[in-house]
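So, here come the structures, one by one.
Consider the two complexes below, in which chain A is the common component and chain B and chain C are the respective partners.
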Partner chain A sequence: MAAPMAQLCVNLLPKRLGLMSQHINCSCVFFSSSSPLRQPKPLKHVVNYQRTRAEVARALRRKQNFLHHEMVDKHRASPLQSGTAQISEESGEGAPREYRYVMPEFLPNPDFQYRDKVLEKMERRDMLRRRAVIDIPEFYVGSIMAVTVSDPYSPGKTNRFVGICIDRGGRGLKAYFVLRNVVDGLGVEVMYEMYNPTVHSIQVLRLEKRLDDQLYYLRNAPLEHSTFSFDTQPVNLPRDAPVPVNTTKVKLNPKPWEYRWERFNLKGIEPLPLTAKMERGIKEHAKPWEEYDLMLKYRQTVNEDEERSIMTEVFQENSRIEGERKSSRAVLRRKK
Partner chain B sequence: MKKRNKSTHSCQSCVYKINMASKSVVTLGVRPLSHSFLGSASASVYLGSNSVCLQQVRHRRFPKFVVRPSTRRPWHVRKWTEKRDESLDTSNENFIKEVIVDKYAGAVSSPLKDGPWERNPYMRETRRAGVLALKLGTLMHWKKDGTPFTVTVLQVLDNHVINYVPPEVYATYPSHNPHQGLRFGLQVVGSLSCDPRQFSKPYNNLFLKAGVPPKRWLTRFLVTPDAAIQPGTALDVNHFKIGDYVDTQGRTRDYGFQGVIKRWGMKGMPKSHGTTKSERKMGSTGGGGDKDGIWKGKHMPGMMGNHLRTMYGLKICRINTRYNLLYLAGVGVPGLPHTFIRVSDTVLPRKQRSEEQMSQVSMPTWFPEDAEEDSLPEELFSEDVFQFTEPSLQLEAEES
Partner chain C sequence: MALCMTSAPSQVVPSLIRIATTCCCFSTSKTHYEIRNLARMRIVDNSAIGKAAAEIGKPPRVINVYNRKNVGYLGDKVLVTVKGEMRRAYIVGLRQKQKANVPRMDTNNIVLVDDNGNPLGNRIHVPIPSCLRGKGGDITKILSLATKFV
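Coming up: the complex of A and B.
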């Protein structure tokens, strides 16, 4: 079918133009089995899917001092490599799916530029070692917690603070959480690093969740919402009970606010009285398409297979630590 | 500018830096004599101060960075080849891979052909070879008093010594700096073993002497002859000890072509009040009168990054001997993660080894025979670094 069409093109074209097109682009010349002669390129505009020479050169430029992370892993596993041990993949009983919400700080940075298998493994090992020394319990944003740290400026050299967890973040050894409380009529927020050696104990007084991921709006709410007694007694949930969700709706103070809370789509606050200007701002800054942006989700989360292998390792190690802790407690009870 | 150039000689590339730190107005330009002369048999006789002619170069400022020529060095061999045998099927391919592994796995573990070289004690003047490491990233650590600090983690992966060039031969090389005289020889170190079929034949021939598989990356260190290492020796993280200070050198992140705001931190121009299309431009390029014209070294848009940079004097605070990891206290190691980094003993005079440390240095490098009878511990820590197996920090209450 292509050959007669090409023939037709040749007949229609003036001779000189056909020659010119041959000169311009020799790589895209048609060949047909029926006619051994070179056929000129048709006049129709053809989209050039091939990149320009400069683009190709840029893509092929050897980064002289830089290796892709897959290439590094390939070299580590190469039979020609000697002297360095390889990290082993964990197998066995897998972690439950919701484990990523219990210990989110174990998931690495999803940006591939900053990922390295060996470094992540070493960091996890350090974190689990610290977890074997102090008990870092399961907690969420909205839980009431008590933290004891060593403090050189307090008379007893330790300081205990009680408050509501309003934020949780960071990855690896840099993981942190923020507690908020009211002391002498003044709102106080303290950020604690979870793996800091000055932390003596982390205790969850009331395990519960809130409707939002961050509770910074409590700064602009009446102080009664963030006031918690330092003598609060811990409340134990029954075993295997789901974590309760506190559906309290907070009524914010009138403006001025720290941020424009009406733009944050918060669920834990009562409906705000909106002016026309505020509504305009909401409409301007809304990003409704992000809900359907699959690539955005892909970039912001770790691959599911990798997550499973990481969480399996953490789950197994953590259950081993808890088993040891239980047996040591039993030994102590027997001694008493 | 015109006046300043009059006193300089025509060959700018021959101006050697004498004092990097000073920005003095007057510096010395040093012009080495011809390379053919250096290649003669009597080169070592003349390699004193006689071999250079001293000429004053006035008002020369050192460049921010050296733009290296894009042409290949004449003494470098061609590295990569695209030749591939297309007729091989899968079984043949696997067989060839097995042969390659058999050939090199035996060669690396076999005793070296000639006897081991003599091992000298470590002196103040000694300069040892370094290693080629991969930068992995940064972590957070704490000291024993609770102070946080950041560590940079490097992995020493698959390092071998490829070649040693004694000072007399190195003096005949065009890259030799005549100021160093006969003090240093060259130690070539390579990292990351590869399939030899992807390299050219002259490149593969570089590794015949050492008997190791061809390496992806080669570098060379200047070493004093008493610290020379025999080709074929494997280098690993035990080359360094806890508490040593090291210099790390590598290429910075490649930003490509950037404007003046990102490249030089200029302020740009106001966004409104009549300004158009000049928010990120550089503004004036200079004054008039006696100082007119655009001076050399004027900050302008251009290629940013991918420069060779050195971070001096980072302390080794933790070592993992199983995975060959170096933990350096501090940040500033150039480049993104998985950048090649040259790690060597520091040149900073205030951070040299103490007498006690000097007796513990492994010279010229660490050999597996040096290990004590019980095997090496997997992890080594500096004294002031908090280990995560320790209990939390307890402060003693003051008695009052």
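Coming up: the complex of A and C.
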């Protein structure tokens, strides 16, 4: 039964192809009458001559909100338009994509309830002003950092603390990060506000990332994992090198813990010995649907267009500040 | 099998006894780590009574906080029971969430003082928050013992 059917198809095919080729030929002929073959058509407004004279007159008459193509072309070619193209190119110069991760504090709260565009703009301006004064480097959760803060009561008037960054958050001027270290056998954590005027300097001693967004589990890990010497020398990465990811797995102390770490799906800890009760808890509190919840993702992230516009603004302002700094440095050198 | 069965309860029993003898085996204000009455502290100076309390594994408990709120914060004076004695002490480190630039410690630390406000020990072996230096009064005597500020 199959063979005759196939034959039928084969018989039918050439006929169909022939029909199609005829059709194509016809169409080619039809078009070739108006324009020469195999030449790119000049982009020009072509008037449909098959219309009646009345229709053509109606189409060509002067209308509101209508610009004739030739008029537009004339304006584009005029010498008055010479500078405009460059301006549009400049405004199109956006920030690199990593800006979102390098300076996440510039992004507004994705929740519209807490949005205030004027306030955000003013805060951004203040932040950039602060950044012009002190150097806030690129850092991530897991980097080893040193922070110097002015301390009115200390003899040297400044207080330096070194530690691993275990958390980073906040938006705008309230952006913060938390450092953790072990001093004399006691775990110490200090939260610093990045734009706090008492901060003298922020230095990244070792730039690296960890597998998790927050490292609060170091509180329940052996102290050696959060012990860092205050004399650590900064390690410079080669330029344009990707940020290394530290994939060390931490072995947590036995319970009691600060939180139920088994429920957090942490990647930076060794697999935990789970009891039946813990497994039940994981199952009860798991939210597998969140992975597919598009609305949740939408609500938790800033609109891409908005992000681009904000980051472009930040990038341009930053590059302007850098340029000013360079020029001032050059002036200083000349004076010397 | 029988041995296993017998050994398991014997491990459980001492903890049960401890629950029965002390008032509560878990912190009642864990979520905020607030220093209220009966909160357990850690003595960080080298006073003899503090060492003895640490040896027998009975941490001191707060039985009064000398402020209006009855919740202890950094630099507050508290009354604690150590080995059945009442002693006054100053809070020099908290587990609680702190403001910016103020350190948060892994333990709730106190330094014992006598009735005149003089510290019982003569050395403190943990870092002390630098912000305490702004407070006057008896706490300056404690700060003079400190070896390290954070």
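What we mean here is this: the second predicted complex is superposed on the first by the 231 of 336 C-alpha atoms of A that agree within 3 Å, B and C clash if a C-alpha of one lies under 4 Å from a C-alpha of the other, contacts with A are read in each partner's own complex, and residues count from 1 in each chain.
Just so we're on the same page, a contact is a pair of C-beta atoms (placed from the backbone, for glycine too) under 8 Å apart; a residue touches a chain by one contact, two chains touch by 3 or more.
Not measured: the values here are computed from a predicted model.
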### Query
Should A:133 be classified as contacting the first partner (chain B), the second (chain C), both, or neither?
first
Is A:79 touching anything from chain B or chain C once the two structures are fitted on A? First, second, both or neither. first
* To do: Examine A:119 and indicate which partner it touches, taking first as chain B and second as chain C; both and neither are also allowed.
  => first
Under the stated touch criterion, which partner chain does A:152 make contact with: chain B (first), chain C (second), both, or neither? both
Of the two partners chain B and chain C, more of chain A gets touched by chain B
**Message:** After the superposition on A, what does A:69 contact: first (chain B), second (chain C), both or neither?
**Reply:** first
Go through the superposed model and pick first if A:173 touches only chain B, second if only chain C, both, or neither.
first
Requested in this report: Look at A:190 in the shared chain and tell me whether it touches chain B only, chain C only, both, or neither; answer first, second, both or neither.
Outcome: second
**Prompt:** So, A:198: does it touch chain B (first), chain C (second), both, or neither?
**Reply:** both
*Contacts of A:255 with chain B and chain C, given as first, second, both or neither*: neither
The shared contact residues of chain A with chain B and chain C are 151-152, 193, 196, 198
Chain C partner, complex, touching residues on chain A are 149, 151-154, 159, 161, 176, 183-193, 196, 198, 219
Residue positions on chain B within touch of chain A in the complex are 100-101, 104-105, 108-109, 134, 136-137, 139-142, 146, 148, 153, 155-158, 192-195, 213, 216, 234, 236, 250-251, 254, 320, 322-325, 335-340, 386, 388-398
Given the complex, residues on chain A that touch chain B span 63-69, 72, 75-76, 78-85, 87, 113-116, 118-119, 122-123, 126-127, 129-130, 132-134, 150-152, 155-158, 172-174, 193, 195-200
In the complex, the residues of chain C that touch chain A are 93, 98-107, 109, 125-127, 130-131, 133-134, 147-150
